[in-house]
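You will see chain A twice below: alongside chain B first, and alongside chain C after that.
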Partner chain A sequence: MKRVYINSVGSISAQKTYENNNFLSEIIEYNDTVIPALDPNYKDYIPPAAARRMAKGIKMSIVASKIALQDAGLEQVDAIITGTGMGCLRDSEKFLSNILDNDEQYLTPTPFIQSTHNTVGGQIALELQCKGYNFTYVHGSSSFESCLIDAKLQLEQNEAQNILVGGVDEIGEHTVKLLKLVDQIKTEPVKSSELLLSNTKGVVFSEGANFFVFSNQQQSSTYAEIVGVNIYNTLPKDGISYTAENFLKDYNLSVDDIDLVVLGNNGDVRYDDYYSTLTSGIFKEILQAYYKHLSGEFHTASSFGFWLAANILKAQSLPDLVKLNDKNISQFKNILLYNQYCGENHSFTLLRKC
Partner chain B sequence: MSKGVAITGMGIISAIGNNVAENYQSLISETKGISRISKIETTHQNDIMVGEIDYTNQELEDLLGLTPDNNYSRTAFLGAIAAKEALNNANISDINKYKTGLVSATSVGGMDMTEKYYYEYLENKAHRKYIAGHNAGDSSQKIAEQLGIEQSLVTTISTACSSAANAIMLGARLIKSGQLDRVIVGGSDCLSKFTINGFKTLMILSDTYNTPFDDNRKGLNLGEAAAFLVLESDAVVNSENKKVLAYVKGYGNANDAFHQTASSDNGDGATLAMEKALQVANYSPKDIDYINAHGTATGNNDLSEGRAIIRVFGEDVPDFSSTKAYTGHTLAAAGAVEAVYSVLALQNNVIFPNLNFKTQMQEFSITPQLTPKEKPLQTVMSNSFGFGGNCSTVIFSKVG
Partner chain C sequence: MDALKQELKENIIEQLNLEDMTPADIADDDMLFGDGLGLDSIDALELIVMLDKNYGIKLTDPKEGRTIFESINTMAAYITEHRSK
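On to the complex of A and B.
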């Protein structure tokens, strides 16, 4: 079985992550309930005429994948695997409201086409002229991790050598209203730095695209090795620690072997105790970090956490702003990521320094 | 890798039957399930035909024994019914005895409820429970819960009309690699105003019965369905002494990289998918006894698929037919619906006819099978192609 490496990254997020030579050196502090992703200079990547027709989810993904391909020194990949919770949400909203507002008349196909979940994967394939394997996973907060499982399987068996993998979601205006009605998005603004102190229901909602080239060949650009990924549709709160330890055991590791845990805390008072069970329990003595105060929450926000962990392993440094506690670490070797959303679709991901 | 992937159970609900036995009866008696739409109010009522399932949501809720406070979309209802039949059919009583996962496919997800209450949500609390059920993964979470799958791998694939074929493919790979011992794979999609209008804008809906591979074909009929297969490893089959219905022998996925919604003229992606599937199965084209074609009856698909079949099989194209004339195009569920039909074909040594065909296509000389045909079958190839250039092929066989 071959080992699997993260050979490159490309990130569009609510932070200035679109330049790979800049690892969170400047942080944008928000005080809001919804934070849009920052626009890179799209013109540098997509002809303006084409960009005008594209949904933001598609544009962000094409830019993030081009950055990732460039970073890996590749022009083509063997497969494209995309994860998205909701796909190009704005077009779905646009098509649906046109149906309802105009009594099913005067509709145009573009928003319908862009509303299909696999439109991003299809557009990237078109852009790269990549006729290889092309999958789209749409399973809530484990959409991105489903991609990881799939890509890892193929690379381990050498069915592919280079795979473009990414997570993308976009904000939709009407959906934001609806999610506020059911306490999934906070109704009162929260400062980024105070996200975990809000003590309120819901999350600070956002969007983004994080793409990576995974390979079974290590090269000079390599960020880290992907050691393991597991997803769980359910997990009882009192079973989290047991599951984490079992997951590590599969790779002959114990809690003490972990140099850093990267957690998906999103400041929703109802569900953050899944994380605190771990941080005040088995990982109490381990260095801890979080990221959703920077990226906001969305179904594929964990792909930003993955981007963060990959960068930490490559740079061997941890930005102060993501620290949940303080420990002296001489070297970052093993990083464990844990994420869930609303108590469902949990994932553990283990990355290792190369 | 030599490990087999056994199919030990299946379940289905479609416009031609509420379970596997009813679907089979309709297939061999040439009974189609296409009619005018009755459960969705649409201005297109008189200019489209659909493959609608008889049960109302209330009836499905009762069948599943759910309490009225549930927030199931029709996609979730249908999926739960079919997945439970599959589990029963596989004689599984203790789901957690082996490492069991679920890979489901959908394109509509909870859109049927969202489109009903989209604006009403803002004013009225009554239906807000459905907001959380909108995202595609929610239907799979509910199906998993209905099956008793906990703390395990549950995921959802959405690659338009090839989705369920891809769910079968991933499931087979998870078994082969040993990540799971058992996995329930398939898909579910209900009819919705959203998809009806979407396909309407693309001008590929027929105003009458769809006629796959006919020269005068006018487009597709949308349908709703759910279908699931239980896949088990050799180890589980041996230790439980399981009856095997058929095996997933090969699979291939490729992208046409041609257009967001249309297939390339020569079916590049389709050709690649079929070739890859043959390669995985270690078969040559002559080993295929029957092709259950995607055959949506759109001008574009049937031409592109037909040409791709000729590219792969040359002069010796095996018997082929599309069953879309029975069920309509059930989108993300189609690959699983047709997987069930492929297994039924193998079990009963019968090829189901391509209904509604009258006129030979001018672009090539291959003709689908037009009447039920009894013939010993060892292998069936099933094609599923979708928007975004997604092309998938799965091969089923009697032996592992």
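On to the complex of A and C.
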């Protein structure tokens, strides 16, 4: 069975992550309830004629994909696997609004064509002229991790050598209104640096696209090895520590072997105790980091955490502003990621230094 | 007729997301498809819906579209003759 490596990264987020030589050296502090991703110059990556029908999620994904391919020194991949919680939300909203506004008449084709969840994977394939395996996972906040499992299995079995894998979600104006109504988005603005102190319901909502080239061949650009991934649709709060320990046991590791645990805390007072159970429990003596104060929350925000962990392992440094506690460590070897959203779709991912 | 042509150019730019284009960039006799503006079959569907919604014109024969959508001049002439709103 072959090992699986992260050979490159590409990220579009609410931070200036679209330049791979800039690992969180400039941080944007927000004070809001919804934070859009920063736009790179899309025209540098997508011909205007192709871009005119693309909503932001598609454009972000194509740019992140191209950055990842460039970082890996590749022009083509064997497969494209995309994860998205909500898909092409803006075109979905546009299409549905048109139905309502025009009494089910005068429906134009573009928003409908572009509104499906797998539009992103399709558009990336068209841009790259990639005729290989193309799959989209839509599974709430474990959509990205579902992609990881698929890619890992294919690469381990040598069914593919290089796979483009990514997570993307975009903000939709109407969806934001609905999420506010059901307390999924905070009602009062929160400063990024005070996210975990907010003590209120809901999250700071956002969007982004994080893409990676995974390979079963290590190369000079390699960031880390993907050792293990597991997803759990539901977990009781009192079962989280046991599940984490069992996950590590599958790879002959214990809590003490972990150098850093990267957590998906999003400041929602109703669900952050899943994380605090771990941080004040079995991982109390382990260095801890979080990232959703930088990226905001969305169904594939864990792909930003994955981007962060990959960069930490490659750079062997941890930016101070993501630290959750004051432990120090001289070398990062094993990083464990844990994420959940609204108490569902939990995931553990284990990355290792190469 | 000139006002209609200007309106058509503005609507085409908006409906078809022709970013970076202004009405002044489209000449009245420019080919809309092929070598001219480079519109494609999806744009043709958008234009058919636009004729129906804005001018009450229902195109039943797709072949008609080829001549009607040749340029802003041909579109304006057809709309002037057939519009119901």
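Just so we're on the same page, the second predicted complex is superposed on the first by the 354 of 354 C-alpha atoms of A that agree within 3 Å, B and C clash if a C-alpha of one lies under 4 Å from a C-alpha of the other, contacts with A are read in each partner's own complex, and residues count from 1 in each chain.
In this section, a contact is a pair of C-beta atoms (placed from the backbone, for glycine too) under 8 Å apart; a residue touches a chain by one contact, two chains touch by 3 or more.
Every value quoted in this text rests on a predicted model; they were computed, and no experiment measured them.
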| request: Scan A:Pro48 for contacts with chain B and chain C and give back first, second, both or neither. | output: second
| request: Look at A:Asn233 in the shared chain and tell me whether it touches chain B only, chain C only, both, or neither; answer first, second, both or neither. | output: first
| query | chain A residues in contact: does chain B have more, or chain C? | reply | B
| message | A:Ser65 in the overlay: touching chain B, chain C, both, or neither? Say first, second, both or neither. | response | neither
| query | After lining up the shared chain so the two structures overlap, which partner does A:Leu178 touch, if you call chain B first and chain C second: first, second, both or neither? | reply | first
| query | If you stack the two complexes on chain A, which partner ends up touching A:Pro109: first (chain B), second (chain C), both, or neither? | reply | both
| request: Pick out the shared contact residues on chain A: the ones touching chain B in one complex and chain C in the other. | output: 105, 107-109, 113
| query | Residues of chain A touching chain B in their complex? | reply | 80, 85-87, 95-97, 99-100, 103-105, 107-109, 112-113, 115-119, 121-123, 125-126, 128-140, 142-143, 146, 149-150, 153, 156-157, 174, 177-179, 181-182, 184, 230-235, 239, 243, 299, 342, 344-345
| In their shared complex, at which residues does chain A touch chain C? | 48-49, 51-53, 102, 105-110, 113
| task | Using the touch rule from the top, collect the residues of chain B that touch chain A in their complex. | result | 1, 42-44, 102, 106-107, 109, 111, 114-115, 118-119, 121-122, 128, 131-132, 134-138, 140-141, 144, 149-160, 166, 170, 173-174, 177, 179, 193-194, 197-198, 200-202, 253-261, 268-269, 272, 386-390
| message | Can you tell me which positions in chain C touch chain A when the two form their complex? | response | 15-20, 38, 42, 45-46, 49, 52-53
